[in-house]
Structure formats: structure tokens, C-alpha cells
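What follows is chain A paired twice: with chain B in the first complex and chain C in the second.
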Partner chain A sequence: MSTSLLNVEDLKVRFKTEDGIVPSVNGVTFHVDKGETVAIVGESGCGKSITSLSILDLIPSPGEIHHGRIDFNGTDLQAIKKKQLRKLRGNEISMIFQEPMTSLNPVFTIGNQISESIRLHQRLGKKKALMKSIEMLDRVGIPDAEAVVRRFPHQLSGGMRQRVMIAMALACNPKLLIADEPTTALDVTIQAQILELIKQLKTDFDTGVILITHDLGVVAEVADRVVVMYAGEVVEEAPVEELFANPKHPYTLGLLSSVPKAEHVVDELGTIEGNVPNPADMPEGCKFHPRCPFATDKCRNEHPELEQFDSNHKKRCFYDVEKGGVA
Partner chain B sequence: MKFLLRQILRIIPVLFIISLIVFLLVRVTGDPISLMLPETATEQDKAELRQSLGLNEPLYVQYFTYLGDLVTGDFGESFRYNQPALSIVLERLPASLELAFFSMIIAIIISIPLGVLSAIKRNSFIDLFITGGAVLGKAMPNFWLGIMLILLFAVQFNVLPVSGTGSIYHLILPAITLGTAIAAEMTRLIRSSMLEILSQEYIRTARSKGLIEAIVVNKHALRNALIPVVTIMALQTATLIGGTLITETVFSWPGMGQLLIQAVNLRDMAVVQAATFVIAILVIGSNLLADLTYRYLDPRIKYD
Partner chain C sequence: MMNTTAAANRRPLIQVKDLKKHFPITRGLFNQTVGTVRAVDGIDLEVYEGETLGIVGESGCGKSTTGQMLLGLLPPSEGSVIFEGKDLTSLSKEELRLRRKDLQVIFQDPYSSLNPRMTIEQLVGEPLKIYGLKKGKALRDEVVRLLRVVGLDEHHLKRHPHEFSGGQRQRIGIARALALNPKVLICDEPVSALDVSIQAQILNLLKKLQREFNLTYVFIAHGLPAVRHISDRIAVMYLGKVVEITDRDSLFESPTHPYTEALLSAIPVADPTKRRTHKPLEGDLPNPSNPPSGCRFHTRCPYAQERCVKEEPSLVEYKPGHHAACHYPLGM
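Right, the complex of A and B next:
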């Protein structure tokens, strides 16, 4: 554990809204090793983005981390000063977001926006930073980079903008890249290209990656390890081959059955019925029980812990569902 | 450049319409002849004057004569001052522009920092204070604020002149009076515009790069937040140029607002027409300036 690049332990985030306290992340634990790609999957609203934003203290107000610990390279990120945290942002830890259309500032040129972090973290002059920006754009496969630095975001396509975001994120050779649904807003061919790019990072720069997605097809493509989240909790965690070959949590089984062209076909479950519960009104016991075909009275009353039942496999379920139900 | 040319061409029909409206307004609102002559004047005198002013001609002939004169910059003689109307108006122009300009500067100096501050500290005591102040500033009548300022700074402390022109000190109180009202409106506008921009995703991107909050706010957010504010600023400037009558009166400021009202009361047609025209051109000019600023701030707007 101490060798991990990032270690998130029992993270709890809540929103203090007018309608009361909304617990959106409820004790999430996971880690990312150097050069490893960890996928966080789960339906929309289960706390993936909030978990990832917590790392750099970017949760929107009125959200707050009220429990847990986040260590990066052995440093407790909550104990350090804001100034030190800012030194990590965009430098050692970078983020790219879902919406390439709205993630870039519309009134500044691409060159300005990429140079900004280079100048900040590498103390380069204007000219040199712009040269570096062009080099980065080149590297992420943007043709005619010298011209693109002078363009504004609205003059580029969605795929190009996401490449710009990636170029910006990688400009300072981060040790960790957090990509929050980087391909969700893009069409399929562009999606494949962007994923290829992210995969290459790992081999070229040994960058650790947190890839957030609700698409298991994307997971199979790029991830080394998978963390499955449901209702603000980790419900299963395993290396990617293990998870696809041997899913243990009913929720994961449900997700897998809704992947098109999944190698693994699960007979018992179709697509998961019902919706992610509202964080303000969580079910008692196992949070998945209203949607779980295997739910028992115990599930309705008791909350299962995340249990490591194998050297590299964790699940949060009382039962061994592979046997087709209650064991 | 092409844009500018096109805008200028677009102004010409607008000027035509303004000239027509001014022309008609002056003629439908009463007979100027009776005001121009003493009460003892005979019908004979009136007819002669009417004849000499061309008022017996059909309306359209009068209009075209008037238009022809306009093109050569001739708005006619003021019968009150016995001088060309345009030169009387232009004499007042510098004072009007000066006051408008400084009021706007004061409004900007006050509203941008306060609007930004109340947005970034939203729902705090500071925000409440600023928003409350803005409501107050807007509710306060201009003449009242003007008189209060005079009482305080000119009468009580005797540090600034009560009224008139001639130095930068004369400008301070009227500019503050006008600037305050505009600042109040603009502060609220900047606050709400900033609040909207601060929740945008590119602001989160800016923070995620490690930028200090001052740069996130002053570079990434403010530039975007000012885009909608510019239009309102132009409107306010236009209002300032033409309609500062009350403030001009309180401070005896020799601007165009006073001149225009006097001319209307006296039915000094030539001056009314010249003043209206000059104000219209200034309004168009400030809108053009707003458009250019808008384009500068927002690259998404195409130049064609």
C-alpha cells in the first residue's frame, strides 16, 4: 500500500444543501499504482466525479470532504497548505473532463490556455511555453499545431478540443491523470482515438490514470484494474480480466449484461431495473437491495462491508452470487 | 475594418429616420410662430415670419429643404440666441461628454470590484452589504444624492465647489452623483454574471491547472462575465449623454440636457433639432463602441 501513487481511504463527501445533508460519497477506498490505469465505473450519480474531484480539492460548494484520507506519493493531501496543493494541480496531478465543449475557456486561445500551466509550473517564458504547447499538441495528434495554438475553442471540433484538454493535462508530465468520462461526449471513432491516446500515455510516460466511465466497453479497452461504485460506495474491485471473467457483485453482473458484445454472458440478469437511489434518501441495509434480484431480509437490514475474499478481488455483498443466488 | 464600414453605412438610414421624427415632432406639437413673436405682434407680422421661415410650404417641401440643410450641417438659427443652432449645441458638447465620461469611469471603478467581490463571497456578510448598497444606490433619486453631496462636501466641509464648471473639482460631485446610480445597476449585473460564469466548467479547468484564485477570477471569469455587461454599459452611456438634466440642473452644469429642455420650452426648433441630432449620433456612436468591445471580448462573434 505504501508504494501506491495514490491512496484514497474511507473518503466521505457530503453536500450541505437547503434540503439537508446529502451524503454523496460514503467511505470510498481505492488506490492507484505508478503507471497503472484504474477505471472507476458505475451509473450516473453514484459519486464517481465527486470522488475524483476530492483528490485535488475541487468539489463544488456546498460539498465538503468530512472524513477520510487521500495520500499522493506519501503526502497527505488534506494536511498540506492550499499553496502546496496548487503546486500539484496541473503539474503532478492533472484532470480532463467530460465536456470538451465547455471545459475550455471560450475567450482565450488554445495556445494561451496550454501555455498558462506550462508557464506556471515550469517557469518558462511566453515564447518557450508556446513552443512547448505546440509540441504537446503535436504529440496528442493535432495536425497543424502551429495554427491551432492561435485558434479559439469554438473553432475546433469536440474531438480536437478533448485532445487539447489532454495536451494541457500532460504538458507538465503529471504522475497521475484523472480522466472523468473523457470520451462520453464524443462519437465512436473519436472515442477510440482518444482511448488509444490515453493508453499510450501509460507506456510512454508511466503515468498513473484514473479513468472514470459508465461504459464497460471502455474499461475492457484500457483499464488494468476496475473499481465498481454504487450509491457512493465501492461495491467491487478487481483486475480487469478477473472482473470480466469472474464478477462477484450483483450490480457488476447487471452492468456486464448491458455491455454490448461482452465476452461474458450472464443469464440470470438482464439490464438492471430501477434507478440509482437518491443520496438524500438511501435505502437501509445493502444500498443495492431494492434493485437486487438476490436480496434477502438480511440485505434489507444489514449493511455489507467491502470484503477482500481473494488476493486481488473485493466485493460488498453477503452472498456468493455466482451460484445463482443465496449461498 | 470592413465591419466598421458596414456599421457606418447602416447608420445612414437610421439618421434619416431620426431626422424625420425630429422634424415631425417639432411641427405637430404646436405653432412656434406665436412663441417667437411678442404678444403685441399683428397677424401681418406672423404671416411675414411664417413666410420667411418657409412654414407656408407643404410639409414635404419643408422636410426636403430641412434635409438639404442638414447635409451641409445647417440646422438653422436659434431665434433665442441668434446664432447657428449647431454651434450652440456643440458648445455644450464638451461639458456633456466630460461629465458622461467621468461618471462612467466612476461607475466602472466602483462596480467591477464590488460586483466581483460580492459574487465570490456570495451569501456572506460582504455580499449582503454590497447588494444592499446597490439597491439603495438605485433607489436614491439623483437630485437628492446631488444635494446631499453638495451639503456635505461643498457647504459643510467646503472642500469642493457647489456648482458650475471650470476645473476637475467641479466635475467630482456631479460625476459621483451620476456614477453612483449607474454603479448600483452595474454592480448587480456584474454579480449575477460572475455567479453564472463561476459555475462554468472552464473555471474548474482553470483551478485544476493550479492557478491562484485571483487569476481564475480576474482572468478566466471576469473576461467572460463582462461580455453581457458591455451592452448595458453602452445604454447607460447613451442615457448619460442625453439625459442628465436633473444632475445638470442641481450642479448648474452647462450640458446638453439643460440646453435641450430650455429649447423645448421656448420652442426653439432649430436648437431642439440640432441637439436631438447630436445626441442621436452620440448614442449610435456609443453603441458602435459597445459592439466593438463586445467583439473584442468574445471571439465567438464572427466579424462578418
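Right, the complex of A and C next:
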């Protein structure tokens, strides 16, 4: 395990609200190796974004990490001082957000915004930092980069803005890139361009990537390993080919069958009945049991552990998909 | 299924002829017009009874504007929308109001399309009240029936929209749209705002309702897999024009327009063993206030030639039922 770039162990995040303590992430464990793309998949409210924000200690206010350990490159991120963490943010660990319009500052030029982190972390002068910004924009496939550095965010299209975000995130050659739904707001043709770019990072810079998404198509396209989350927990983890070929958790099965395929048409899509549970009112036992077609009394009463049943495949479920029955 | 029945009685329920919508761009103190955005720039479409026509394209291609003109919510700049033999653009306000009973809509965002202060009973009953069709107990019974049709029930009657999840709200929106027993439902991105597991529930529901009530759908979306799942025929739009229109299988299996080909190759396939290297389309969508000369796609088309820069291609039927607007259609 010491070889991994990032190690998240038993992470628990909760929000203190007026209505009491609401748990958001409940004991999430995963790791990311150098040059590896790990996808975190799940529906809204499953805690995937909160997990990624806690790595950079960016959880919004009433939220707090109250348990667990996050190791990056051998350093415990929670033990270090705020100042040291700031040195890592935007430098060794970068983040791309979903909405490229709201994550860029509208009153500064593109060049200004990319230069900021370069000047801060690499201690380059204004001119050199701007040169580097142009080089970065070039690298992410923005035509006429020298003109674009002088423009403001509103003058660019959504795809261009997202590429600016990526250029900014990559400006300091981060070791880890966290991409939170990087293509959700974009059209398919632009999405394809951005995904190509993320794939290239791996080969060019050996960057580790955490890709947070709900789009299984995107996962299949770029991920090496997949972590499936449901209601604040990891319910399944496997290499991407293994997960798509042999999904073991009923939730993963449901997700896979509910995706309409562009290649062929089925008469009726598989569905997962019901809705994602409210974090303030989690079901007893296995959190998925109210929506699970295979649930038994055991699932209703006992909480399954994340068990490693194969060298690279983990699941949190009593049910055996192959044998058909609860162990 | 629907394919054969739709083909058997080729009776267009809606006929769109040379439909255009131009929005003026105004600047300055006196709102001088400095240009026009050609959101929809001359499209011809037919929607047959009982079928689902999918309209796909990237943001800004004019698909939603088209949907609004089909509903008579937006007056076209030019052209006509003929619904059951009557031109919607020539109707008076009152005539249009009555016609609209047959043309209903489901919106994308179930969070902003329901009035938060109204109960579900009021929301679903509102269209029936407006048209004075039902009142009192009959109204309430009808609302309960509609809720059951979309998979909700009477104990939801007194609740407000905020008590429901996105998928349930979309069901409420559908119940509301069905209240007047319409012939046509225009679905504008009805599942894009929902989680995947919920998307499937709504798509299945829409299919079931179509069979039960013999509805005709115009399904507007940018997610191609969902469109393929539900549509019988699909129209692809680019910069205010229809570039290809055909039945769904020919579109996906043998696209004729280079833009369709590019769109299809950009869809991520949910199968890691079929990972391919995309040839992503270069560049962004051109500005619709100043579309490129000739074929609008020529600036991004990998096969563009001289002729494409100068001459605008018209929509030609290359194979029976398969129309494309391209000088050099693929596979011909």
C-alpha cells in the first residue's frame, strides 16, 4: 500500500445541522496509484463529491471530517498545518469542478488566473508565468492561446472554459487531479475532447486522477478502477473491465442495466425502484435493502462489511449474485 | 413495434414547413438591432400519429426553440406549424388556447417547473380547472386517477413539490401534462436532470403511457442513448437546421451526415472492452448570429470540400425515409 499516491482510510464526514448530526460519508476507504484513473460513481447525495472535497479540506462549513486518515504521498493531510496544505493545493493536488462558469473569476483575464497559481507555487515572474500560461492553454488544445490569455471568462464557450480550468489545474504538474463531474455540463462532442485530454495526462505526466461522475459511459471510457458509492459508503470496488463484466453488488447491477445503450435497443430498461434514502434517515441494516430486489431479513437487520472476495474485487453485500442467495 | 404501425398509417399529425425563428440582438440606449440570432433557420418536419420523433443536437442548435414553436408558445418568424390541418401560426389567441389542449409539454427541470406553493392536487388539477372540464369531487377523482397512472397515489394529494424527489416531481409534471388527454406530448429534455436509476424509471413510464393512450411524442434531448431508446425516428439538428432525419436504427447504424457520425462517435460507450480512440470533432459550435457560409458544418467537417464552403446543401432523401443535408453523404 505504501506505493499508492493517495490513501483514504475509513473517512467519515458529518454535517452538524439544526436538525441534528447528518452523516454524509460513512467510512470510505480507497486508494489511487500513480498514473491511475479511479472513478467514483454514484447518484446525487451518495457522498462522492464530499469525499473528494475532504481530501483538500474544502468541505463546506457545517461539515467536518470526524474520523479517518488521508495520506498523500506519505504525508498525513490532516496532521499538517493549513499553510502546508495550501502548498499542496493547486500545486501537487488540483481540482476541476463541474461548472466552469462559476469556478472562474469573471473580473480577471484568463492569463491572470492561470498565472496566479504558477507565480504562487513556482515563484516565477509575471512574464514567465504568462508564457507558461500560454503554453498550458496550447497543451489543452485551445487555438490562438496568445489571444485567449487576454480574454475574460464570459468571452469563451463552455468547452473552452472547461479547458481553461484544466490548464489551470495542470499548470503546476500536479501528482493528483480531482475531477468532479468535469464533463456533465458539456455537449457530447466537447465531452469527447475533454475525456481525450484527461486520458493523455496519464501517459504524459503519470498523473493520478480521481474522476467523480454518475455517467457510466464516461467511466468505461477513461477509468482504470471504479469505486461505486451508495448512501455514503463504498458498496463495490473493482478494475473497470471486471466491474462491467461481473458486477457483484445489486446496486451496481441496477445502475448498469438502467443505462440506455446507444448500440442496441432493449424494450424496457432495468430500473432501481424507489429513491436514494435521505441521509438524515438512513435505513437499518444494509442501506440499499429498501430498493434491493434480493433483500432478505438478514439485509434488513445486519449491516454488511466491505469484503474483499477476490484479489481485486470488493463488495458490501450478503447476496451472492452467482449462486443466488444470501450467505 | 411502433415503427410498423407508424409506417402503416402515414398520416402526419404535425407538419412543419420552412420554420424559422430569428431573435434580434439589440444594443445600446435605443435598443438598436445590431444582428439576428438564427436559432431555427428553415426546418421541415413531419410528426406521424403514434410515433416518437426524437430531436437531437448540441446546445444552441435550436431544438428547444423548435419545441416551443410546435407548442405555439413562441411565434415563428417565418413558416408554419400545421397541426391536424390547421396552421397554428394563423390561429387567434383563443383558438390557440383551445388547440393547446391537444399539445402538452414536459419540461426539463422538475424543480423549477412546479409552483412550490401549490399542492399536488392543485397542480395536477389546474389544467382541468382552467379549461372548466371538471370540478369538485369529479376533479379530485380525476387527479387521483392521473396520479395512479404515473405511479403515485392519493396520499400525495395534499403535499407540496419540495416533499418530492426529482423523479417523483417529473411524474407530477407528466400527470399534469396528461390531464387534458392530449394527442401530442413535447418532452423537452425530460430526463437530463435526473439520476441514472431514475431516468430509466421515467423513460419506461413514458413508453408505457404511449402504448396506453396512443400518444405522439416529440422527444427533445442531447443524450443520444436515451433518444435511441425511446424514438422511432430521429432528427439531428445543427445550428438551426435539420441535417439528417431517418428511423432510429438507420441513424445509429449507417449515419449519412458527417455531423451525425461525429456525434455518435463522441458518445461514451458503457463497455470498457470497446474503448476506442475518438476522433473528437475539432473546435466549437460557430456563433448562430453569424453562421458559416455554404454548409454550416463545413468549418468542423473532416470531409469538407470546396463546394461545401460555397453552396448550402438541401435536405435530400437518399434512401426511402432517410434524408440528409450533405453534398457528400457518407456511404453513398
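Annotations for the structure displayed:
Convention: the second predicted complex is superposed on the first by the 313 of 327 C-alpha atoms of A that agree within 3 Å, B and C clash if a C-alpha of one lies under 4 Å from a C-alpha of the other, contacts with A are read in each partner's own complex, and residues count from 1 in each chain.
One rule holds for everything that comes next: a contact is a pair of C-beta atoms (placed from the backbone, for glycine too) under 8 Å apart; a residue touches a chain by one contact, two chains touch by 3 or more.
Owing to the predicted nature of the structure, the values given are computational and were not obtained by experimental measurement.
Legend: residue contacts after superposition of the two complexes on their common chain; A:Phe244 is shown touching chain C, with no touch to chain B. In the overlay built on the shared chain, the residue A:Asp10 is in contact with neither chain B nor chain C. In the superposition on chain A, A:Asp144 contacts neither chain B nor chain C. Looking at the shared chain after the overlay, A:Ser117 reaches chain B, while chain C stays out of its contact range. Looking at the shared chain after the overlay, A:Glu307 reaches neither chain B nor chain C. Contact comparison for chain A: of chain B and chain C, C touches the greater number of residues. Residue contacts after overlaying the shared chain place A:Asp206 against neither chain B nor chain C. Those residues of chain A that touch chain C in the shared complex are 43-44, 143, 157-160, 187-193, 195-196, 214-221, 223, 240-241, 244-245, 254-263, 265-266, 268-273, 275-276. Put simply, chain B touches chain A in their complex at residues 199-202, 204-212, 220, 223-224, 227, 297-300. Contacts from chain C toward chain A in the complex involve residues 58-59, 165, 167-168, 195-201, 203-204, 207, 222, 224-226, 228-229, 248-249, 252, 262-275, 277-278, 280-281, 283-285.
Touching chain B in their complex are the following residues of chain A: 53, 56, 58, 60, 86-91, 94-95, 97, 99, 102-108, 116-117, 120-121, 152, 154, 165, 168.
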